[in-house]
Amino acid sequence: MDQPDFTLSAGPTMSSPRVQQAQGQPMVFDYDPVFQERFRETERLVGELFRSANDVVLMQGEAVLGIEAAARGVVKPGLKALNLVSGVYAKWFGDWLRDYGAEVVELEVPYDEALDPAAVEQALEQHGEIELVALVHSETPSGIENPLAEIGPLAKRAGALVFADVVSAVGGTELRTDEWCVDIAIGGPQKCLAGPPGMSMCVLSEAAWEAIEANPNAPRGSFLSLLDWRHTWIEGGRVKFPYTPSVADINGVHAAVSQCLEDGLERVIGRHATAARACRAGVEAMGLELWPRSADYAANCVTAVRCPQGVEVKPVLAHVRERYGVMLSGGYGELADRLFRLGHMGPGSRSLYPLVAVSAFGRGLADLGADVDLGAAADATLQVLSEAGEAIPA
Amino acid sequence: MDQPDFTLSAGPTMSSPRVQQAQGQPMVFDYDPVFQERFRETERLVGELFRSANDVVLMQGEAVLGIEAAARGVVKPGLKALNLVSGVYAKWFGDWLRDYGAEVVELEVPYDEALDPAAVEQALEQHGEIELVALVHSETPSGIENPLAEIGPLAKRAGALVFADVVSAVGGTELRTDEWCVDIAIGGPQKCLAGPPGMSMCVLSEAAWEAIEANPNAPRGSFLSLLDWRHTWIEGGRVKFPYTPSVADINGVHAAVSQCLEDGLERVIGRHATAARACRAGVEAMGLELWPRSADYAANCVTAVRCPQGVEVKPVLAHVRERYGVMLSGGYGELADRLFRLGHMGPGSRSLYPLVAVSAFGRGLADLGADVDLGAAADATLQVLSEAGEAIPA
Amino acid sequence: MDQPDFTLSAGPTMSSPRVQQAQGQPMVFDYDPVFQERFRETERLVGELFRSANDVVLMQGEAVLGIEAAARGVVKPGLKALNLVSGVYAKWFGDWLRDYGAEVVELEVPYDEALDPAAVEQALEQHGEIELVALVHSETPSGIENPLAEIGPLAKRAGALVFADVVSAVGGTELRTDEWCVDIAIGGPQKCLAGPPGMSMCVLSEAAWEAIEANPNAPRGSFLSLLDWRHTWIEGGRVKFPYTPSVADINGVHAAVSQCLEDGLERVIGRHATAARACRAGVEAMGLELWPRSADYAANCVTAVRCPQGVEVKPVLAHVRERYGVMLSGGYGELADRLFRLGHMGPGSRSLYPLVAVSAFGRGLADLGADVDLGAAADATLQVLSEAGEAIPA
Amino acid sequence: MDQPDFTLSAGPTMSSPRVQQAQGQPMVFDYDPVFQERFRETERLVGELFRSANDVVLMQGEAVLGIEAAARGVVKPGLKALNLVSGVYAKWFGDWLRDYGAEVVELEVPYDEALDPAAVEQALEQHGEIELVALVHSETPSGIENPLAEIGPLAKRAGALVFADVVSAVGGTELRTDEWCVDIAIGGPQKCLAGPPGMSMCVLSEAAWEAIEANPNAPRGSFLSLLDWRHTWIEGGRVKFPYTPSVADINGVHAAVSQCLEDGLERVIGRHATAARACRAGVEAMGLELWPRSADYAANCVTAVRCPQGVEVKPVLAHVRERYGVMLSGGYGELADRLFRLGHMGPGSRSLYPLVAVSAFGRGLADLGADVDLGAAADATLQVLSEAGEAIPA
């Protein structure tokens, strides 16, 4: 089979030529002075991207590594945690917290809704002494965005550490790590930044570090250890790596984050919001139903669409990929067969990519017998892109 | 301004990742054995692409170099030439023929029509002793394809040398150089092959060589000299270049032609035909008029669209580029302000690229006040792509 | 500072253009059919490289991840392990074994010597009931190669699982995983394969899997879990990843291993051996002392050189990098200040790269006052390369 | 056969990763605003590189195109030209001048010597009314550099137009186009700039333009026409190309020239001078004889070495390429079998590349039976590089 013409999936998503070229640069020794400076600069850029003055740790491995590392780092047996669940990833995170010995209170909403800050506040009051509040900012598996801006400060006021999985949020939607009181934020480069899927961007507050240092169970001398990075790299003056970083991925992330900041973070976020709006308009005009019950909390990274009655997810995806060369995504985990996801991240948030996603999806459904209005879909998608004006082409 | 998201112009057009990587390979000495073999292999591949057993000459410079070189090569003062004109390029070619001293008879049709073989036959009879018949296979400036398959043999039977500009035809539409009695065919890699715009692919029959050798005015010891390539490179056993070839462009053309042949020439041509049909369907459904008076001779490489009343070409193109990141083309030469051209060549003939071209164009027109039906356009475009079935994704 | 002109370090080392281009390919979704097939093919190629029919697991993270994953996988409290130590990495591995609860017997030789199979046999007899024998095939920090071919079968006969760190051995020296009874072999792509430093290539025998499955402490539901890969990816028919693989690194490793196998594994190994021999000849002719007490067990990947009296390692390295653009390595861990390492891996094992390493090193020493014979060094290095004949240029 | 490991030839020579990546960028339409600005910026950078405020014309085709275009542009029948000959290229240029109708006076020195300004002055006086003085700044075929700085002003004072072939001089040795009164300077990007071999960088003074405009024989409406570029591109406000430029090559040249200017032109030239000195020292220490009779006028781009008695050029070159993967050059034209050329241009002028050239050459000679002192050669080469201090690594 040929390479896909368009990767408009839930990520890894298609990268820009700049990122590709960065990934393809000659390999250098990790102790080469040029690489070391590149690594440090990448840390600074990531801090800017997260709007944070806290320490940045760039672990080599997709974001789940950073998430596990942070969870194992802070959780000691008996730690009281409030896990906020509006989707598959948050659910799984709760399992981890329990595995590591936390006493977990879970506040769960249906997976097609976002978390409600009032309910969080109530839960914090009710359960008292919560030491850790965890949530997923943008639930990639279902395209739901949670109000981290409100929940972070609430949790902080209640005295808890705030842990946020921002993997598919960073670079695609507003994120103010420090202002929103997020102690541990873990981002991934392969979503809205359209970088390589090989790194965990971890941002940790001093409070987070204290908790981890104080935890006898926190990984030490392990690939999962944030402390190794702190003690060897950060405290050693950023000259010695505890583990060999992936030279190519650092180059790729450096390019991806640089591109985002040079374009202007607000502008890039605006572009993702427009693409998402266009995609939703197209899908609804086609006659389909969005997965999120309200567009208010539909994510900027992917648009989740309820699988229509009588349609099966996998054959549609396979057909769209084979016939039209467009790679979309289905659901994930327990939602795998219940929804489709159209990605609009990175380069895919630009230009007419949303139209490509909507039309390939719609035409594929039609080919397999579904009753969809492709003309209305295209018209509506283009209408949003047109009205968005100057935010689009940037 | 940012790089374009989509280059769906009249060419140079966007290249494939494979071509890009070939262009970006480490540079080597032109006398390196690896390069020399690469050069010879590229000649063989080009011969296969042209379906010709004749000599291939790869001159460094866009196709106009090869066209000029061939014209200067064959034309001696007083040579009787029949120049067949259905567009801007053929018209210019006639000027060259006259400049070099030929006695030119011109058979011209309106630029929105194709040549008529019967009229050519008649002209050949009428003017007797025609030594050269020249035509443009695919008139890129107006998206018209001429019946070279019929005209070539006609001209040959009349005893003339047949010269065909196949710049935007090769790789996008049927071309059988030898079978169709074409003595001199000049192709360009930057159109349907989506290669770099830096080479003239010249294919010359023995009769063509004889004519050039016999012409005292043919360039010799000149960058314009086909004979230099024959005497130094071909007759010298293909080990010594008369001029330094562009190493990077040879790599790029090698990749582009290899890709085309590996995909299967028929299949690639079918894909271009489908893309063109889809594009025409979209444009007409939108309510616009095609430039070619009949779809029978609309080109596979670009779809030319008549500029509607009250609309100006340049502002539309600029708007579509700025707002949607899509680069289309206007007319060229005297047709510059009378038509638009949507390119569907190389990668742009695949997947939903035709929809991107049609929709960016339509939405741009609408933004500037034109009355177009974008939904109908998308629907019609997708309908063609869907019906074309398995030819599309390849 | 500029990029280095030559990276002749202990790895990551400079990659080939082919690997660079593979790393720079357009990013695709990890569930794209093209990527999935690429992943499976990479597994097959890695199996061939290791000369093994056992399962291959490609974990995303430099080789230390795979080593930790395997060690945690097999070690349950009380497991009796014989750790064979001839260098820094093996020493550290023993610490890990103890951390995870193993009862560790250590057989240690000075770090400038290789392990002695007879001593291993004796230790196995003496300590009885050893369940795990661990060793490092090629000790990168000190350029020592251990006789895995002899020790593996010995250990197997004694009923132990055999664990071998082959990170810098694979692709540079003979390795016959199955024939040598290695149950767990962990390789790294950034050494002799000159690929990206972002992957652990793990090869596990059925006996290894059984031990891990039977170990309640083996990581499960963790980025460190080999079992997750077995249960989700392998047993699930190789269609579902437990963690998102690094698309770019898979492309890079695929290219690196393909290159090695296409060149011919024996030939590539021969080239590394020649480069190492040339480098040693040069260093000794210069008047310096090799770190390994005998050339019999000097590694093929790097040549370790004893730091001469009165010379400091770091200033020399910094000077050679700044003045000559050549990146070499010093020692590592406790050997950091006692030796230099000249790498000759991947492309660096070809052509005159060994001369570049030797001469930059020697000239740098001379610049800082050392008394070395650069002419003799160059002469000796070139002599070896010349005599090696046809093995070199391949 | 494998790709060469080192291309240290007379050019095209190995390019930097930056140039390679520029060449491999996505192709865009030549009328894309981003490309047009890139083209204009490349013109400005080339002007800076030539230290000229005159018009820059970037013709697509290796430098011989620009040389022919300029010669045909200025020469009208009967024009009195003084052709200064110290090598093969200048000799050929005289043939062209005569072909185009000039009355040519030739001042020739042996090809292992440089031109003498006093002799030029004398010739100018003697022949009176010379309208054009032509010379080659750096004779690539024999590694001789001529004193353009002195000859240019002499010729200008005598009222002649000054034509200089600076193909292998620009970027490698001092060149002050305007200050030295050069009316027409033609450079090539594939030599000291280590760019692609697909472009002629032409710099023309107002006097040159006037001469061309006034020449009825100057090419017009031709790929060889400088006037087409002036009338269509320059006078049309730099928005319309007379011929499609090679998008990839413009990107490559833009990168190559940018790199040179960012590094600092003086510093880059110093690096070439050092490399040439090192190479000469190595060759002489080996016991061989340089081709130039005096190092005073040995070129910075290549070091020409007299072929020793009893040695044949081609077998040595083939052996060095096959056995050591190093591509060197022999002589060219009538000098083909009389000398070797070691290139040290672009990246090849950095680091220890001169040692690689010298040693591969020397070892190859030794392999074929020549008596050369490789140790002395390496020692001497490294000595020069060491003494050159900080100019090297930049």
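The first chain written gets the first letter, and so on, giving A, B, C and D; residue counts start at 1 in each chain.
To be clear about the criterion, a contact is a pair of C-beta atoms (placed from the backbone, for glycine too) under 8 Å apart; a residue touches a chain by one contact, two chains touch by 3 or more.
Because the structure is predicted, anything quoted here is derived from the model rather than measured.
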In terms of CA centroid distance, which chain is the most far removed from subunit C? B
Between A-C and A-B, which chain pair is linked by more C-beta pairs in contact? A-C
Subunit A to subunit D, mean C-alpha position gap in Å, rounds to 52
The distance between the C-alpha centres of subunit A and subunit C, rounded to whole Å, is 34
In whole angstrom, how far does the Cα centroid of subunit A sit from the Cα centroid of subunit B? 45
Quick check on subunit A: which residues sit in contact with 2+ other chains? 2-3, 17, 21, 24-26
Given which chains touch which, is the overall layout a line, a ring, a star, complete, or other? complete
Contacts from subunit D onto subunit A in the complex sit at residues 17, 21, 24-26
For subunit B, which residues are in contact with subunit A within the complex? 2-3, 5-6, 17, 322-326, 347, 350-353, 355-356, 359-360, 362-363, 366-367, 374-379, 382, 385-386, 389-390, 392-394
Taking the touch rule as given, give the residues of subunit A at its contact with subunit C in the complex, in rising order. 1-4, 7, 9-15, 19-21, 23-34, 37, 60-62, 64-65, 68-69, 95-96, 99, 190, 194, 196-198, 221-224, 243-249, 252, 321, 327, 329
